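Note that the chains take the letters A, B, C and D in the order they are written out, and that residue 1 is the start of every chain.
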Amino acid sequence: MVKAGVLGATGSVGQRFILLLSQHPTFELHALGASPRSAGKKYADAVVWKQTELLPESAKEILVQECKPEGALAECDVVFSGLDADVAGDVEIAFKNAGKAVISNAKNYRREKDVPLIVPICNPEHMEVVEAKLRAAKEKGEQKPGYIICISNCSTAGLVAPLKPLVEKFGPIDLLTTTTLQAISGAGFSPGVSGIDVLDNIVPYISGEEEKIEWETRKILGNISDDGTEFAPLSEDEIRVSAQCNRIAVSDGHTECISLRFKQQPPPSLEEVKQCMRDYQCDAAKLGCPSAPKNTIHVLEEVDRPQPRLDRNRDAGYAVSVGRVRPDPVLDYKMVVLSHNTVIGAAGAGVLIAEILHAKNLL
Amino acid sequence: MVKAGVLGATGSVGQRFILLLSQHPTFELHALGASPRSAGKKYADAVVWKQTELLPESAKEILVQECKPEGALAECDVVFSGLDADVAGDVEIAFKNAGKAVISNAKNYRREKDVPLIVPICNPEHMEVVEAKLRAAKEKGEQKPGYIICISNCSTAGLVAPLKPLVEKFGPIDLLTTTTLQAISGAGFSPGVSGIDVLDNIVPYISGEEEKIEWETRKILGNISDDGTEFAPLSEDEIRVSAQCNRIAVSDGHTECISLRFKQQPPPSLEEVKQCMRDYQCDAAKLGCPSAPKNTIHVLEEVDRPQPRLDRNRDAGYAVSVGRVRPDPVLDYKMVVLSHNTVIGAAGAGVLIAEILHAKNLL
Amino acid sequence: MVKAGVLGATGSVGQRFILLLSQHPTFELHALGASPRSAGKKYADAVVWKQTELLPESAKEILVQECKPEGALAECDVVFSGLDADVAGDVEIAFKNAGKAVISNAKNYRREKDVPLIVPICNPEHMEVVEAKLRAAKEKGEQKPGYIICISNCSTAGLVAPLKPLVEKFGPIDLLTTTTLQAISGAGFSPGVSGIDVLDNIVPYISGEEEKIEWETRKILGNISDDGTEFAPLSEDEIRVSAQCNRIAVSDGHTECISLRFKQQPPPSLEEVKQCMRDYQCDAAKLGCPSAPKNTIHVLEEVDRPQPRLDRNRDAGYAVSVGRVRPDPVLDYKMVVLSHNTVIGAAGAGVLIAEILHAKNLL
Amino acid sequence: MVKAGVLGATGSVGQRFILLLSQHPTFELHALGASPRSAGKKYADAVVWKQTELLPESAKEILVQECKPEGALAECDVVFSGLDADVAGDVEIAFKNAGKAVISNAKNYRREKDVPLIVPICNPEHMEVVEAKLRAAKEKGEQKPGYIICISNCSTAGLVAPLKPLVEKFGPIDLLTTTTLQAISGAGFSPGVSGIDVLDNIVPYISGEEEKIEWETRKILGNISDDGTEFAPLSEDEIRVSAQCNRIAVSDGHTECISLRFKQQPPPSLEEVKQCMRDYQCDAAKLGCPSAPKNTIHVLEEVDRPQPRLDRNRDAGYAVSVGRVRPDPVLDYKMVVLSHNTVIGAAGAGVLIAEILHAKNLL
């Protein structure tokens, strides 16, 4: 079993990591890090558990420690970070410097030139930058270096996943718009979204979210430099992305109404677009990763789907659902995309990234 | 007082007409029409009242009659129709043929060449086609003819209202997209939207809605033929409109995330766009109509507004609120528009249309 | 495998039966009955599937037939009825007369003197009336007779389950009150509860529900006649039950705030009451039934639990959760009980009843 | 005009005070107190306004000051406190000592022997203790002393209001139970109730609420000592009260399912009970207070009412609605009571208390 640690273990993302790891065939929950306030307590005493599944027995007795690469955390083969951005920066770099593989849900290092920004069902090939670094160290006889891999923003994940096979098959996308209807679980829960803000209401704004979608999409759909050491995001001329983000009264599952235009004109036919997404199988599935979705993209034909309550758990939340694919009078095609924000958009993505690393012997 | 009748009086739109008319300074609730099942009963016994305000005393005792231009309904100066589309066609034409002014919320006659499709804070000048018809009859010494004026679809109303001053000042809009987050009151309540469909859920589809928005926008922003007797909607080449519609857990108030590109390039500046909407005063206000909004368009500067719960009742629901106006990487500008679907998007629009007709002596 | 049929297969209870049976280790989904409108279609074409889990592959191709004891339905060893009350009466009796074991969620036969009304984690011993009947027929050399077993009302199930061990250990309950906060799934979904009724609202009334709770509790906690052939519900003097029922915006899981007084005074101590519920193991668990809950009653000590979203799925919904057990200034003790209305309160109860019948060789 | 100040002006209760006072015929919003963080700012800049009505123009420019009896606050004739309990104690006593009439929504002084705990539509006669104190000071030629009057807990207000006429007419109540379904506005909004706690969920616990209901009911329905200077709450033997409190997804309006037994047996008839509540007119109405409800208690006969969305605004929220009055198999009668928690249960109660004081020349 691969020893796994979780940083920010009492937070909402940390709790999801713990749920996923506690039943995992490959990873073993070995250490938990949280704030000094929680350190020294048993996890069951430190956490206000808010998941719909019960707190796993295997996690209850683990002694929470501070988020430093010491003790049990130092023994981990991989460390998952659910830390808030205000503390993630220093902590994650310390673990990297201690030689650890850090898989982070925080935004701090997403824009770093040599840090992969990964949606595991979309651009796992970007992890080659890490692979190259490890290979180089090995060749030089150096110790295995630590590294950070960033999980993308949750609404970015749902957006780019169905684009990947389209770009691979039909060439670059020129214009891309998304209007999101985002679940409240994405905001955590201490306090998270206030009840009064979502009861009989919408909040048509999520701080920083639109910028993240517009920038991260360009990195994820972008390239690696010729020497294989850096990322070369698409420029604003290569793909123009526009996002409008809304918070609504849904617990889990981000819905996005997207529209796109291909560079190549005339564009592929409607049926070609749908078939291309239907046929797509992500690399993680090909590698046999245990959490990889059987169908990466579910293309639904029912007129009123996908719906969060009915479709968010397809393939345990690791797949995305696409529906209502149809011609768009303004761009080429419009469609509705649903993704599970705490699975493929956060902790689940982290676990699947680690499974890919493990399958490639990079842990 | 002007005698007013309501057709479809027990339905959700009918109930709203009754609420608005029962406290109106000019119109007097005189007659109520409903299905044969309700006919003959006192209104209080016929209706399942579902409004947040109490059933007005003045309506309780009115005897409901069938929807025919007879009895008290024949005495009305104006008839408001909240009928469902499956019965509105025959009934409304019968009232028109009986010489009545019919203001209809149904979709049946919206696409008729000589029927105005009106958002009263946007295109009241389209009622001139009716005015011309009345003038012609008068000149010929004929009896005053009946006519039908259609209220637009609710989500169309919110979309076109803020566009009107922009088009007037900066010329035609070339491309227009809207993703709607629509309230459940728009679907009526027998049964309306099922609870299980909107609790922790979104339904990304409303039957016929996207087509209505895309078509009605072109008529409302379009022209009148040279002889003043017909409408000449914009062609799909003149303005391309794309709508994506969602039903969500909000009681009242449609939110729309819209984006637009002007024909004229470069487009007006952000500040010009906002100032233009801020300065706009609708004709109904200039005519002194009692329900006309003081500010037609509220341009909000708070980063997270408009919100349905907080902003839908501005100017009693007759105004629209616009927020987050900002440059759009794909088109020119994007913004969030909120309109009260049962007021400016349905019954309230009907009442304001009648007020304009009254102010112009057309009733 | 035991062949199972489902009547009312397209309704909400029928869908839940199908979900549970499609993955069952003992029962095999063999036949589906629905209205003549659906008969002749493949199930996937006949149903509007509204479950959060996907329609099982094994059910998709089954040809729906009319609800008559013919064809594939006649081949079933057990028939689960999710029929509405207006048709359940005739259909269920026809299946009984055809020699079938019918497990019904409908209310029609619950008050019949010789029909067991069963909450499988509470009063499975009431099925002895059926057992006796089968034994008698066997002794007489007659063919195995058909029979009907009724599933209790959903909110009754949650109420009586925690009472059973208390009554067994501390003697009869004298006074019992419950105020329910019931989920909308209990009302089905065509149309079920209207969205406008539960969005920012409560409906403090559910037709017939309070009477069901007050009466069914007395049968379920009641006795069997001395000759073992009939039920002898407790009289209103033996236990007075008062229910107040509310419909609220929860998808699944009925919460009940209950209060009770024991006949025996002074009553058991608070700790005795909690320990008694904690220690209780239902017969189905002792019999090794696959769906039986490991812990029948979860006694929670957290101050703000049970909560529907967090606790309804304990033991896959076959357990009940009890929290906030505390002295009551008016009666003896008050507590909050949560039960999963579509599992232990409906289809799940039916399946667990069948498992008990199977374990006892009564099918 | 009577000069009014508001303490805790930026909080949720403070905002409601400001809304009510800004349109008041007698009181004039004169001064606003808040935390040192807000002091010195214009109110519009200090507050995050979260009301469904817009921030009144008259309040926008008022300079917020610290909560001390100085400056504009010292000029007020009456001071309304919406302060949190952790700061209300010291501040309110300072205003009292400075000779001010303080009407407080905080819990700090509710149990003080000489402080009236008032539901203005229920026990305004308890303000006589203050009246006596003022009279005594006047007789002694002393300066008019300051005093504190406490507004009751919100769910207590809804509970006791309909009991008052029953007790007056039919004598003491012996046993009283209430299960509450409470709105989230009662918890304020920074952060208030978390969205994830009420979306598809109930929280069956509100800290301290049950104790407040059980104790405050005994003071409000209790007596004044013979010398008129102190309160003599009913003992636990005189009335036993039991409350179970739940937080649910309703914005405004507390629903309570109550049950009661009269001391006098046999109890009054069902019709007598309903008629008694229907006939009740509160003293504030008799005194002509502008906010007093026209009907204090609305006794509804519809089978499924009261409902929060439909009934909470009766008489602008100053009335309570009672429905489903019916015999209770355990106590005498059960019924559903709805009250508007931010009106008659908080700020509105404060304003109505002040109106009564003004009508009696006690300000």
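Here is the rule we use: contacts are C-beta pairs under 8 Å (C-beta built on N, C-alpha and C of every residue); 3 or more make two chains touch, one makes a residue touch a chain.
Keep in mind that this is a model prediction, so the values were computed, not measured.
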Contact-graph distance - origin subunit B, target subunit D: 1
Residue-number overlap at the subunit C/subunit D interface, same or different (half cut): same
Centroid distance [mean C-alpha coordinates] between subunit C and subunit A, Å: 41
Between subunit A and subunit B, centroid-to-centroid distance (C-alpha), Å: 43
Chain centre separation (subunit B, subunit C; CA means) in Å: 49
Residues within subunit C bordering two or more other chains: 50, 197, 199-200, 249-251, 309-310
Contacting residues of subunit A [partner subunit C, same complex]: 50-54, 199-200, 251, 309-310, 313-314
Interfacial residue positions of subunit C with respect to subunit D in the complex: 175-177, 179, 181, 197, 199-205, 214, 236, 240-242, 244, 246, 248-251, 255, 257, 259, 303-310, 323-324, 328-331, 334, 336
Subunit C to subunit B touching residues, read off their complex: 50, 184-185, 189-200, 249-251
